[in-house]
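Structures given as structure tokens follow.
Presented sequentially are two complexes of chain A, the first with chain B as partner and the second with chain C.
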Partner chain A sequence: MDKTLFIDPGRCIGCQACVAACRECDSHRGRTMIHLDYVDEGHSGAAMPTVCMHCEDPVAPCAQVCPADAIPVGSDGIVHTAAKERCIGCGNCVHACPFGVPKLDLAEMLQFKCDMCYDRTSRGQSTMCATVCPTSAIFYGSYEELLADRPHARAVDIFGFGDDTIQTGCAVVVPAGREGQPVPGGYA
Partner chain B sequence: MSRREPKREDPSGFFDVDATASAAALVGAALLTAAIYLGSRGLRNFDAALIGYATATVFLAFGVIYRYVVWIQSPPTRRYLLQGWKAFLSWHNFRRFPTLVPKALISDLALQNFIRKRGVARWAAHQALFWGVIGATLITFPLTFGWIHFRSVPGTETGYQMFVFGLKTVTFDAFTWLGWLTFHGLDVTAVLVIGGCTYFLWRRFRNREAMTDQHLAHDLLPLVALVAISVTGLLLTFSSALLEGRYYDFLAIIHMAVVVLTLVFIPFGKFFHVIQRPASIGVQVYKQASIRERGPFRCKRCNAPFESPTYVEDLQQTMGELGLDYEGWIEHCPRCKRIERGIAYRTDVKEGFR
Partner chain C sequence: MNRFRRKAQAAAPGIDDFRETGGETAAGWSTHTKDEKLVPTHCCFCGVQCGMYLRVASDGKVFGVEPRDHDINRLKLCPKGVTAYQQVNHPDRLTAPLMRENRNEPLKQVSWEVALDRVVSEIQRIQDTYGRDAFAIYSGSSMTTEKTYVAGKFARVALGTKNIDYNGRLCMVSAAAGNKLAFGIDRAANPWSDMLLADVILVAGANIAECFPVMTQYFWGARDRGAKLITVDPRETAFARTADIHVGLRPGTDAAFFNGVLHVIDRDGLIDEDFIANRTVSWSEVREVIRTYTPEKTGEICGLDPALIERVAHMWGEADKAMAFHARGIEHHIQGVGNVLSVINMVLATGQIGAPGKGYGTITGQGNGQGGREHGQKCDQLPGQRMIDDPEARAYISKVWGIDESELPGKGLTAVEIVHAAETGEIKGLFGLCNNPLVSMPSWSRIARSYDALEFHCQLDFFLSETSARADLVLPVTVWAEDEGVTANAEGRIVKHNKATEPPEGARTDWWIMCEIARRLDRHADKFNFDSPRAIFEELRVASKGGLADYHGVTYERIEETGGIFWPCPEEDHPGTPRLFEDRFYFPDGRARFNPVEWHPPAEEVDDAFPMRLTTGRTVAHFLSGNQTRRIGALVQQTPRPWVEVHPSLGFANGDPVRVVTRRGEVTYPALVVDTIRSDTAFVPYHWASPVAANVMTVDALDPISKIPEFKVCACRVEKGSEITKTPPPPVEPGKRPYTDELGPIDDDRPPTAPQGRGTAEG
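Right after this comes the complex of A and B.
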């Protein structure tokens, strides 16, 4: 991907503008696909925005565990929401995603997930969440554009989950000097 | 940012020829050919004018079986298919939860209530399309195979006898409601299909959600094909009823060409969901039965219930087979996974993140 999403949780102020903007997106009106979690709720304002990281290596885990071949992965690396006619609402993608991204509507028997605002980004526009983020905690652009904006920042697109690592299409911002290591996926 | 060599093999392999699937497809196509020969009593009842349809259906059987066998070989599909059938046929489940299977069949397969939750108009259109296609299939396939044929009753002008596999069944008058329905069944199904397709075509041009990721070949072409089949089919009736059979031969060839092209397209496109979808019934029964049997699995971090222990164990096995070596992660609910990643980020990556 030439342009992608760069997430910097350290900049997130938890304002929920991204959540509201995502809800307005044409492809899933009324539903928000971005997650905003308060990491230390009640004690600090630290917030964690989570978009789909569009895993590679070579195919996203959600697409691999789908028993209905319902999750299309484009040649541009975008991992799309499950095809409505195929998704059987089994939840495999929801639980196999190490980032906790896909959502499931059991009544409609459908999965939903962030598709990097495909209707916008495929036409060269920025994603809804990045457009409204007041602190640029969610940045849409090329790596060069990110570095021009933040000379002391670097980005990592490899995440560690136990002994396994996953390469992603989106990246997380890390301090300069930290770019050689995978970003930890948690302590599960 | 760094790029590294993929750790896992690409599982897609779209153009690889699968020997098992090829063998199964050949056997299936051969069995169907034999069934056509035997069912039409050595082709005595086979209508030669319909040979294009029958031949296309044999190709359809090959394509569908090939793709189905390839599909069920992937670890998640194989596991769900086995577990689904086991739950579906389980006497133990039937005794303990007698309504589970019938409810799933009626609600999910026949009434498709999950589509109604997406929108009443979509549901009504899909029901029209679904029952129209089912009806047309049930009428057309036995007719083109020579399994069903009609003969006029000797000594009458409008009496007909229906033969199934060469055995005489009902006798009816063409001008009764049964006669009308028998000879116009495909017209009724065509109207249902046109109604459903019209709504979906309108939606594909007006609804922004549908328009976002639609593709000409995947989403629009199937609808156009169904409309073309239905309209050319209705034109045959129009020709015989109002034009005294003029242009009938030409229309019959056009209709057959459209049907044949659509039939051979089925294994490759959106229509394949018709073959895949019934598998979802087994999956729903398996999930519900295992939750009722063993109770919910609880998140190891927040203790919130989600899914069943059987489901979690099966998914862990599937992930292991796919080389996804972080099976332990799925013992945490999605929200806890995200929060744990946030905690790890502020502990290990950016300590100042408060």
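Right after this comes the complex of A and C.
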């Protein structure tokens, strides 16, 4: 499988179609796994969706810190949502994730997170968020497919957190000239 | 080089051992059940008309949506489209007629027989007492073309009243009038796919990202191919954020701006002299007017740096291929038609129309904003975009309808005039469908007074709106998924909505209701024997034949076989007309008309008491009067309430109670403080009802030609308030439990995080 998600905040209009579409999944109806933040509050309409980045190196910090061994990582690199029969709702994964992706359902004491629409992508379909995204700010496909559509786009899948870096399965499209440099992650 | 999506190689200790719980996570499963059905249709909301599938369970109920790869939207949907299906089985649906003898009593359920008898007897009583024209129809464009066709015929043939108009009067009429004056036809000139060929695209007064989100893909696609984007808007919207040039002009100065741009284009020799000479008339009259619009004078009027005007003029004037779009931002003005013409003058003077990648279009707001204004529910038009005062058109339509031409009424009042005429007593009875003027019309208190003055008011609705809640009789109708029929999107592309489910027991289609009333009136009862939308469409095809909006060659089957058909399409072997004006414009000489426009100030200028300009518009999670979207949980959670957007220089903090005051009224909103709006301008979104309605404050001045209200500018002041005005929940049938608990935080006093709503982290 060579397809993944590319996030391009430059194209995002903050409409939340991705959020609405994520809520429609029959496995978690009414709850969104995608996050949408207005990142330049008061100064522009800039927005950015956050999906699970499916960390590869180091692999899935969320899964690594899970004391119940509840978060499966498939051989295809997909980091799944916590298995309900194993999750103890401790929240370790929430704290470990460098991107703030997993959340806890405090009523059920269970974790939930984006799993790249495994029902759809494992059957060759695109994720729901990328399918509906009006601007293709969320793009599902190979890098070659992305470049065929947007010859000038450059994506990066390495994020820097202080001296550490993390390589992810998903990538973000970066501004011109930032190719090859880690994307600054978190707050400096 | 990035290696996107490699296999995980360095599994941490313990992770591989997870397989003991059953190996790899199950793949290839689907949440779709075997016995569900996918019904192809289109969205009920805006003029983009995105294709979608509705998911229908084995019990026939609509329960979800699936993206559809239609030519218009290529699977994409906005948050309103994704959640549109949630209206179908909504607990607030009306399922029985509601009636009362006087307006002090609550509405009570009655049988259809009683309801129909009442409306028929009231029509007869009012017309017998006050004359035929005292009973008016006020219709809408968020329904299929078949329904809008029946509305026009119902008024002219069954009631014999001249007074029918539609809610495009609040939306499309300035563009329509401008297009007729310049091109002789009212339709966008190009398919949107032309944008991918353009070098420069200019968008004036259109918040594409929020009002037509899925249309954004065409603009971004053009930019991927190197096109430049110019946006003209008092607010730097999410769409304008990354534009090559953003023109943040003062509300109410659009015509001056475009005259100024054309001044520079002409001054610097960037006009297309061949095009002007061969394909247009009256250039010299425009040239005379724009001569005085120097960048300095224009900058002064518009509140802009003159250099910006020069830059826009050069970017547009030097483009090989350019396209211009506009929407309500320049049209909702007492100079709405003039504003439209000032853009068209720029397009014509540079020859940027009638070829691939060269073009122009307005963007219709409602799902059938285009189709709904083509077939005879406008006060001055008959089917096929024929003018009602054209003797040939009258003769033809009278023949199709089987009536004597002398019986066919003439031009009636326009929408806002109809409602105002209720206050003065000229209109005594009103049959309303597909609209919610108690939210959507300007200067709310006058609209409320007018509706209350009616002797009889019948309203058709599927949810009890603020308007139907005041009526004498409310007839429950179907939502879009419960009937079939065609719409024309903002490109002029005819698509078909399909029936996905049966309506709830008790609800009827709007066309059935009008036909049933017509059959019970003693006038031409035999002219309304339609048994299906298809039967209506077949008559519409004939009625439109030979008109400008010629549907004669369009069939339901052809629409389904294609990605939609662009009218005019005169015969069944005609491919339709995606791009207009390649050879000729729609005047006898085939030439386009320049129309000189002298800018003048808005109806209400600022002064010491009201020193700022108030402008109104939409936000992405809601649609028009909000009667549909204010009932959908996901959309309410995204944007629970209205706010006032103000510049930081005014000294307010985010969330402060800020009172917006105009000569008509005042509302206290939470402030959203952003530096993306002009400091002399305040913005309020208009989807909510009184007492938080933007239209509590707007001015009801009308464009003299199009009669569109000036929603986009009036004088206001903003001041520190105390209590934030509470947002009322959507009305429900008396006795029904309000659905507000499940809806979300409409009591919340906070502003959104950004104009597009609350971020998901905001709770």
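Throughout what follows, the second predicted complex is superposed on the first by the 181 of 188 C-alpha atoms of A that agree within 3 Å, B and C clash if a C-alpha of one lies under 4 Å from a C-alpha of the other, contacts with A are read in each partner's own complex, and residues count from 1 in each chain.
The criterion applied here is as follows: a contact is a pair of C-beta atoms (placed from the backbone, for glycine too) under 8 Å apart; a residue touches a chain by one contact, two chains touch by 3 or more.
Since the model is a prediction, treat every value here as computed from it, not as a measurement.
Visitor: Between chain B (first) and chain C (second), which, if any, makes contact with A:Asp37: first, second, both or neither?
Guide: A:Asp37 contacts both chain B and chain C.
Visitor: In the superposed arrangement, which partner chain does A:Cys129 touch: chain B (first), chain C (second), both, or neither?
Guide: It touches nothing on chain B or chain C.
Visitor: With the two complexes superposed on chain A, say which partner A:Cys62 touches: chain B (first), chain C (second), both, or neither.
Guide: Once the two structures are laid over each other on A, A:Cys62 reaches no partner at all.
Visitor: Regarding the shared-chain residue A:Gly91, is it in contact with chain B (first), chain C (second), both, or neither?
Guide: So A:Gly91 only meets chain B here.
Visitor: Touching A:Ala107, do we find chain B (first), chain C (second), both, or neither?
Guide: first
Visitor: Check the residue A:Ala20 against both partner chains and state whether it touches chain B (first), chain C (second), both, or neither.
Guide: A:Ala20: touches chain C, not chain B.
Visitor: Between chain B (first) and chain C (second), which does A:Tyr118 come into contact with in this model arrangement: first, second, both, or neither?
Guide: both
Visitor: Once chain A of both complexes is superposed, is A:Val51 in touch with chain B (first), chain C (second), both, or neither?
Guide: Touch partners of A:Val51: none, neither chain B nor chain C.
Visitor: Looking at A:Val156, would you say it contacts chain B, chain C, both, or neither? Reply first, second, both or neither.
Guide: both
Visitor: In the superposed arrangement, what residues of chain A touch both chain B and chain C?
Guide: 10, 26-27, 35, 37, 44-47, 56-59, 64, 69, 80, 86, 118-119, 143, 155-158, 171
Visitor: Could you list, by residue number, the parts of chain B that touch chain A in their complex?
Guide: 1-4, 6-12, 71, 74, 76-77, 79-81, 108, 114-115, 117-118, 208-209, 211-213, 270, 273, 276-277, 279-280, 283-284, 287, 300-301, 306-307, 311-312, 315, 318-319, 322, 324-326, 328-346, 348-350, 352-354
Visitor: Could you list, by residue number, the parts of chain C that touch chain A in their complex?
Guide: 2-12, 14-15, 17-18, 21, 24-25, 27-32, 64-65, 67, 75-79, 81-83, 209-210, 213-217, 220, 224, 236-239, 241-242, 620-621, 633-635, 638, 648, 654, 673-676, 753-757, 759-761
Visitor: Along chain A, where are the residues that touch chain B in the complex?
Guide: Spelled out, the residues of chain A in touch with chain B are 9-10, 26-29, 35, 37, 39-40, 44-48, 50, 56-59, 61, 64-69, 80-81, 84-86, 88-92, 94-102, 105, 107-110, 115, 118-119, 143, 155-158, 161-165, 167, 171-172, 174-175, 178-179, 183-188.
Visitor: Going by the contact rule at the top, pick out the chain A residues touching chain C in the complex.
Guide: On the chain A side, the touching residues are 1-4, 6, 10-11, 13-17, 19-21, 23-27, 30, 32, 34-38, 41-47, 56-60, 63-64, 69, 72-78, 80, 83, 86, 118-119, 122-123, 126, 128, 131-136, 142-143, 149-152, 155-158, 169-171.
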